[in-house]
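The letters A, B and C name the chains in turn, as written, and every chain counts its residues from 1.
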Amino acid sequence: MAKLPIYLDYSATTPVDPRVTQAMIPWLTEHFGNPASRSHAFGWEAEAAVEKAREEVAALVGADPREIIWTSGATESNNLAIKGAAHFHKDKGRHIITVKTEHKAVLDTVRELEREGFTATYLDVRENGLVDLETFRAALRPDTSVVSVMLVNNEIGVIQPVEAIGAICREKGIVFHVDAAQATGKVAIDLAKLPVDLMSFSAHKTYGPKGIGALYVRRKPRARLEAQMHGGGHERGLRSGTLPTHQIVGMGEAFRLAREEMADELPRIRALRDQLLAGISAIEATYVNGDMEERVAHNLNISFAYVEGESLMMAIKEIAVSSGSACTSASLEPSYVLRALGREDELAHSSIRFTLGRFTTAEEIGYAVDLLKTRVGKLRDISPLWEMVQAGIDPGAVRWAAH
Amino acid sequence: MAYSDKVLDHYENPRNVGSFAQDEEGVATGMVGAPACGDVMKLQIKVGKDGVIEDARFKTYGCGSAIASSSLVTEWVKGKTLDEALTIKNTQIAEELALPPVKIHCSVLAEDAIRAAVDDYKKKHGGQ
Amino acid sequence: MIAMSAPAAVYLDWNATAPLDPAVREAMLPWLGENFGNASSLHAHGRRARTAIEAAREQVAAAAGAQPGEVIFTSGGSEANNLFIKGAAAARAPGVLAVSAIEHPCVLEPARQLARQGWTLREIAVTAAGKVDPAGDDWRETLALRPAFVSVMAANNETGVVQDVAALAAEARAAGAWFHCDAAQALGRLALDFRAAGMAAMTLSAHKIGGPAGAGALLLDRRVDLAPLIAGGGQERGLRSGTENVAALVGFGVAAERAAARRAEEAARLMALRGECEARLVAAGATVFAREAPRLPNTVYFAFAGIDGDTLAGRLDQAGFACGSGSACSSAHPGASHVLRAMGIEPALARGALRVSMGRDTNAAAIAAFCTALARAVAALRNLAAVSGMAAIT
């Protein structure tokens, strides 16, 4: 019997790998120095640990350690990258391009810049969730200064064509930022080859601790930024604030494990995901959201037509999943990502994101499939929409009063 | 998703789920909400010759609070005259189920469902 | 290669960072283990995390005399200071802002940034004892400029000098300014009462009080308009987005509660140690900065004329004593301390500045040993200077 609840929400956050916790503990005990302390050994050893972790983070993504800036997480990295680049280049241009399916940390940041007088284009995506290169090209303007496109979508797991987008940006001299919070350890990233200027990372989506992230800032050609947090001048002046050594060490260890283990880990997770998909496909009227080819191995986003997402979450509370993204699922709005895919609202309301990970087992997936079959059936038994469908009426053809 | 025990009880053990045949004597149906808004409630009442609601059924597409609200009103309308049923207010439903502010609209929808069912009955029976 | 054995040293740099309180570590570990949920998730894992954060919020609020609804968690004190200064500025038209000249760089630098964006920055002068004088002309003139907001720290990280922030806050408020207080060094060392002082905002930090690095808070009166520094996701009432660092916040809560509970007793104990330490330093010929001013019970800031602070700190480190030269944050920037400069201390003497800051593990034996080692190091450096015929300061 699998231990309940079964965690299938690895894109919201991952457990900290026990090996990562072990690596962190010394820095929570006797090794407590402030890495900025220059006058004693407590500070020096903390600084050495911070630099070693910086190397590990850089190694996973093919960067130079000097290109890695510590932040409190991907949200801060996204804010720093987009505002920092937009502010730095504001005399050159004030037009920003991003995508409707980006994380709120990007969208809200761009909206804030709009309030400051910048203009923005939010690109539509195709039905499969991917950015169309021609649509992107058409959105470019002479005053476009910053483009931000995520590598892996948090809700539907699709992988955007950042290499192609980056090449266009490079050609036009536009700063290109990529939110890779959901990508580390899930897809290979080689910044030595990728034409990307700025890239955001998070530890807690890759089996590291919360509260720590990083921003990659390219050296050649040099990406220029205005700092958003000022003070002691840490992180080459780009991000002031005492560095949390234990968290940084944790992120370094988590990224080292990702680098060493992803080749073995991803096929195993993909097989489990396919097992889940096969099981769910046996349930009538279920739809996969997002492209299945250009997609990370651990994500499955499914609409269960004619049942509502939140009640489905309640019905399957033995498994921890999310309806929409974790950040917005407290609101009553259907997922804006699914709406951007052109999913009808009721399908957007009925979506569940399953995200698997390092500790997911075949037994857990088997349990989840059985549970879904029973509980979706139960909810459909009390669904007036399902009743209509069974009677041959298409609820989509009915004129519903606005509510 | 901090639901009250009463919501959970109605959600886990919904009362009076199902449907009456539309053409059955004394049956009237109220269907409110919209799939695009994330909730649809169908409330059916069966009214006796004396004008008292003898029985009720519901089906709901929506969150736990919406299911609980509709389940609750099927219990409350039974034994009431149509006019009495119309006195059930969303605030009473919300209070009974201890709905949080973001879920008040579920109780509003349940009140609307009663009204829609009663209207349907009156329409079918020549506006008594 | 990183040495994994603890530096065999007496740690006397608690104002830079304090060792993690073992009880705090115990409270944190489950949140780095089985309790890993994202507090925004609606399922059981997420709800557990949310509950823990709200409990920490209550603990932090209680330790500083605030309401839980007034606590905005951040990644640390620097971020909290940036959030207030820049956030308050972004929410209103440029005007005058005033900060004391001895503020931490994470207050001064954001303020200087605003000065480049249309704001008029008034740096409030301090006395030779390192104090903003509520009766002084500079403070009067500052208020006469009708600043939109004023920021004065509760206690200085270098000198330990304690400001009359309650009086300053009351006057600032009467003059129509929002008053912000950086209390990163004060929590657990001074009694804090955010509400009673009528402040608009106060900055707290976890790692100065035995909590983890990576957590801090801005206490914010709900009437104060603020624009967020970090957008997206809408956590912390929309004022600080980003997945909450649950383990660190849990640690912060426990650390705040414990620091507040033992504050009075610790203050008395450390005050006695400080007195002992200073007496020996003065006897050895040191100048103790701001000795006449009310100061944190744990901080001694001093210099020996003709001896470079960094050199002395290096000697002491080799002898097994870790202390600070200037503030940890700005020690990356060599040069005389801006705090001492604001106090009018001669640059030659200021370059000798060394800070001893104590904490719960510091005892009389450690201080006595430190004073002995210090006297020996000073004598050795003086000898060296005499032998080589040149000043130790280069």
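As a convention for this text, a residue touches a chain if its C-beta (ideal position, glycine included) is under 8 Å from a C-beta of that chain, and two chains touch if they have at least 3 such contacts.
As the structure is a computational prediction, the values presented were derived from the model and not from experiment.
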If you tally C-beta contacts per chain pair, the winner is A-C
What is the identifier of the chain with the smallest separation between its Cα mean and the overall Cα mean? A
Using mean Cα positions as chain centres, tell me which chain lies farthest from subunit B. C
Can you give the whole-Å distance between the Cα centres of subunit A and subunit C? 34
I'd like to verify one number: the distance from the centre of subunit A to the centre of subunit B, where each centre is the average of its C-alpha atoms, in whole angstrom. 41
Between subunit B and subunit C, centroid-to-centroid distance (C-alpha), Å: 59
Could you say which residues in subunit B touch two or more other chains, in rising order? 1
Which parts of subunit C, given as residue numbers and ranges, touch two or more other chains? 42-43
Subunit A touches at least 2 other chains through residues 310, 313
Subunit B residues touching subunit A - in the complex, by the definition given at the top: 1, 3, 11, 14, 17, 19, 31-42, 58-64, 66-67, 102, 109
List of subunit A residues in touch with subunit C within their complex: 5, 7, 9, 12-16, 18, 21, 24, 26, 28-34, 36-43, 45, 48-49, 52, 72-76, 78-79, 103-109, 111-112, 202, 204, 209-212, 228-234, 240-247, 310, 313, 317, 320-323, 326-327, 329-330
Going by the contact rule set out above, which residues of subunit A touch subunit B in the complex? 306-311, 313-314, 332, 334, 344-346, 349, 381-387, 395-396, 400-403
Tell me, which parts of subunit C touch subunit A in their complex? 1-4, 6-7, 9, 11, 13, 16-20, 25, 28-29, 32-34, 36-38, 40-46, 75-79, 81-82, 104-107, 109-110, 112-113, 205, 207, 212-215, 229-235, 241-248, 310, 313-314, 316-317, 321-325, 327-333
